[in-house]
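Below are structures written as structure tokens.
One chain, subunit A, links the two complexes that follow: it is found with subunit B in the first and with subunit C in the second.
Let's look at the complex of A and B:
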């Protein structure tokens, strides 16, 4: 029996494992940290979607009678997490706040990811002067601390939730652009790309169907992790008063700002929005790390 | 250059010997070296291929050997226009493709394909084998739909892989099997020329023989022409009709396979062949090894005149360092050395090699 026949038999006996994505998903499922992350983020997504059904009160309804004896009554049966300085139900506000944080996290990362990937692809695949121009611009952006950059952009666009999302998104652009450019540079001269070129595959198709699928995994990981930082940054900008200008908006960062004044008498007002931020950020980070392990063949532990 | 390609209409015959399929005329591939932060200043060139004139005849296997870094892979790739030639002329089947546009090249690419050295790097890990082999069919629009699937299954059979391999992914295969996949992809469009860039050097020795045999069978059945790039001299001798020896961007000797091995004329060929160990300790001990010393000079700054004179054990004080030897015919070989006759007749003996002496 020749070696070729033996190998063929071996191949027949082994189950097809499916594509690399499917294998990565299988690895991800076996990582407990990843499951916890998915649980945290999943819970928040559900809470955000069904906020009106879950929240016991309206997040904006004021009840000044509750704070007649001073700020602010702590947890009670009627208000599980107490009420804030205007007598609004804290639990309902935290629940509605999940909506803002999730939307803000997803959208700002989407902004950063799309611009960053476009620029990174151009720089990495075209190379030459396009690469120089794009990457020098990214270097300039990276030289400015991201929060400072975001503050600058918000100052330019005016305060509010949408400008904050754009600002946080733009601040993440260089991260994605750099990462994708680096991985594309590594793939561009790979033999399978040369093979595609020698077949006569069009340039655009080579980029989209050969290079990008093989360069994207670190970007996906970075995107998940950036979701966490984006939520923190948005809360931070909210805390600095650059977030939604309507103080009734139940945004976690904005809630922390007002809680600041009552920190000695009602610490729970700062604690619960803070805890919510910690949990969701932790969730995204756990998912990101688990994805990194699942997608990076060098870290494979389960084979 | 003597004869132009005979002006007959092309594409009429296949498998007829004696017709030139590829003609390289003084081809140069120089890669610019740039430096500078903002404005890339051009500070020099890596002369990977520097004036190569070579023909590949239809249905032959032309072996191309040389040290790593001598430009043999670049030469293979420039034929497929994966690199742009800096100067010179590339003629494929009577047609000048040196400056052919992308659109024109697409038509020519159907007829020339490539097999790569590293069977792990040359297959896109995210594509199924069926998609990999079917890609050339899709790109060139022949045939479409279900026909393509049948063709893929056919190709798998031709290269000796099971039909269900199409739905699997490259990482499920061994190195030899992957090289078969690469071969199937190269065969998909019924090409005439396949540039094989060290197709077996990454494989186990036992698998090498399989792939070589498969390639020979395919050549016989399909009338393929191979440019077989390698550094394993035994493999090259086995598969090649003719062999070209390359040194630092230039061809130094071309001859039929057996003649090259039995009667090497260029000093570089002599040293290369002398570096093959002989599997007999007695002979091996008695044999006088003629070795090249030092490393390959930088192709960015190659020696003037004869490029080999800095390492040549037969180097002469006259001519070698200031007169560039051109390829000329001698004993049925093409050889680029001023003193080939004298070396062959034994009138010039090699310098004692510093390495060879203490061994005995």
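Let's look at the complex of A and C:
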């Protein structure tokens, strides 16, 4: 072994992993389930973004002449997934539906995440009475089943996509708040925090630049998993008739409601939006699980 | 409008579970002498004067008879317990000559005293039983009570004045004003004649009113001892399990062809169709167009249709927006693609409506009805002529639940109509609502500009369609047209039937000229039968008699 080789080896050992995130990403890449999840979600994101280019027909253009005997012609060359009860192309509707589900899923989790993180860090870092107040409030929210809570909120705000987003978001708040509080409690007494405090770093800075970055990973995992639940809840609310007010909106849950009426003669109307929901929810769940494994410090390997 | 009441729903829900448990795979050893009916639920009570739902009335009509009846399969009025009738010159007294030698199934004789005892029972109804949940048909037809409860009409507003016997075999029904529509109503099971002795003996009118507004008798008349003169009598009734009728061997007319009729409550439509397929029942009531297609495809089953006796329409409230302008309403009529909707959505069970009355009802106008064929260009032109700026913005209300015969999928009708109106110069704002959760009440308090609504007839008379909707000013339609109101009042008061029909034809045409709403469909109702069932004659008002049924 030459000196140069030894130096090289030493250099390599000096930067063992390149930081938590890069290393997590590396481990994520080696997890096949995670890759499948990314593929599913990525495909849906692409479909959602390029819906107008991909969809063969308009999702709202009716063609009553196609409807025979009540409902509805199945898959054909012209309409690959058949047409719905108003002669609209089912494939185009499922494609456009990706937009609603993704946007609503992402935004509602964003709502839940931001409120939840705020409350969680207040409770976790300040402790004391602030902790008690916030956490009891979260306990109350957790006592109500999340879908029921969402229905209640939508009932208060009136049906529609925006209220659904807010409702599903609010229903996820306690999950994030509790999770973050728990990890912050663990970090608060850590040596590096003590060190920061002893050299006089301000509380807010300690929280935002020291504790939070070290507590965030479980929240991100929960956020990904919550995305799956949020999409299901949004579809559930749509199914219950609390979704978009215009019934022509191609939202998957709303599409399932109408399909219910024709389930005996046109089961494909329920199958395809249902399948879309299953795939994207599965995608987010796989990503979430893979991320949990990637970010779990106990599973961290230096190879 | 025949009402399914809340108890009905509860009973149905209960009965479904019970029925499926009680009949694993029923053995049919007693076939041929038995006709098994798959009903959509249990009857509420077997006393026509205390219920208004079709499920109860269809059983009641086997046990009881009225003074008159509908010709089987039609609406024409035929003799039943009365053989002849005649109105006095002023139209205020109707004399009914009664059939002789008829006996109730408890052995007591049917005579004029029995008829008047029944009318007196209805007229002196207890105050707490006068609400629509219990007494809908009396309220609709005779409109008042001798001793009215707060909120009910008294003798001053009622149509009914009294019942007088004229010897043992004739009665005179006295009215406060001329009306011809009440005769058609007397064919309803609600006005069937019960044995006065049994009414007293089994305490028919004792009981309380439940929280849902229904009657809870403490006597057994309406549950175990309904005594009438009909071709069948009740043998036993276990709620949620089955109701058994047996032939009345002492019936005055041709005896029932099948000895036993079993009515089984199966509230779930899919379960009802399955029971028909497996042969557990010979008859399944009320199929959706989709189920009808399934039954039709089965070689041992057949589908029969009740004649269209309803109307689905797009309502217009003339109090709102520019809808008081006739040209705007015409534009709506031209802008609704009614033909495509009826052709595509009703699976062959819908007829395109060009007027409010179904063809079956007297007063249906065969000629002279203005036609509004879908024409977006013409609609836009009419809007411009009316001085409107395009697009004209309108709120369109529709129900999201409670599909019914004339509206099997309300959101679907709405979306198709909204799309065709938007092509015709309108801008539609969707306003979905729940039938009981504010939809109907919103319509009836005049909040909806355009809305999906409809009507199923109660009895075979044009008054029950036209006068009910357009006879007086209502918040539902929001118009005041004395010319139409007078025309309809005159038509109802006319006792000469030929003249009466002419007046109703005039009114039906006039309604289509002034367009208080745009009718689009009359639908038939499908029922499923096993192929070997013969002689089941469909009734437009859903009250088929089982006595002509033969199970081969």
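Going forward, the second predicted complex is superposed on the first by the 280 of 303 C-alpha atoms of A that agree within 3 Å, B and C clash if a C-alpha of one lies under 4 Å from a C-alpha of the other, contacts with A are read in each partner's own complex, and residues count from 1 in each chain.
Here is the rule we go by: contacts are C-beta pairs under 8 Å (C-beta built on N, C-alpha and C of every residue); 3 or more make two chains touch, one makes a residue touch a chain.
What you see is a predicted model; the values in this text were computed from it and never measured.
When the two structures are aligned on the shared chain, A:247 is found in touch with subunit C, with no touch to subunit B.
Look at A:143: by the touch rule set out above, it reaches neither subunit B nor subunit C.
Touch criterion not met for A:53: it reaches neither subunit B nor subunit C. Of the two partner chains placed by superposition, only subunit C is touched by A:71; subunit B is not.
Using the contact criterion defined above for the overlaid structures, shared-chain residue A:213 touches subunit B, although it does not reach subunit C.
In the superposed pair of complexes, A:265 makes contact with subunit C only, with no contact to subunit B. When the two structures are aligned on the shared chain, A:198 is found in touch with subunit B, with no touch to subunit C. Interface residues of subunit A, counted against subunit C in their complex, comprise 62, 64-65, 67-71, 85-87, 159, 241, 245-248, 258, 261-262, 264-265.
The touching residues of subunit B, counted against subunit A in their complex, run 38, 77, 80, 82, 105-106, 109-110, 112-114, 116-118, 121-126, 128, 135-136, 139-140, 160-162, 164-165, 167-169, 171-174, 176-177, 182, 185, 206-207, 210.
Across the interface of their complex, subunit A is touched by residues 270, 289-291, 293-294, 337, 340-341, 343-348, 400-401, 403, 408-409, 411-412, 414-416, 418-419, 430, 432, 434 of subunit C. Chain contact summary for the complex, subunit A toward subunit B: residues 2-4, 7-8, 11-12, 14, 16-21, 132, 190-192, 194-202, 210, 213-214.
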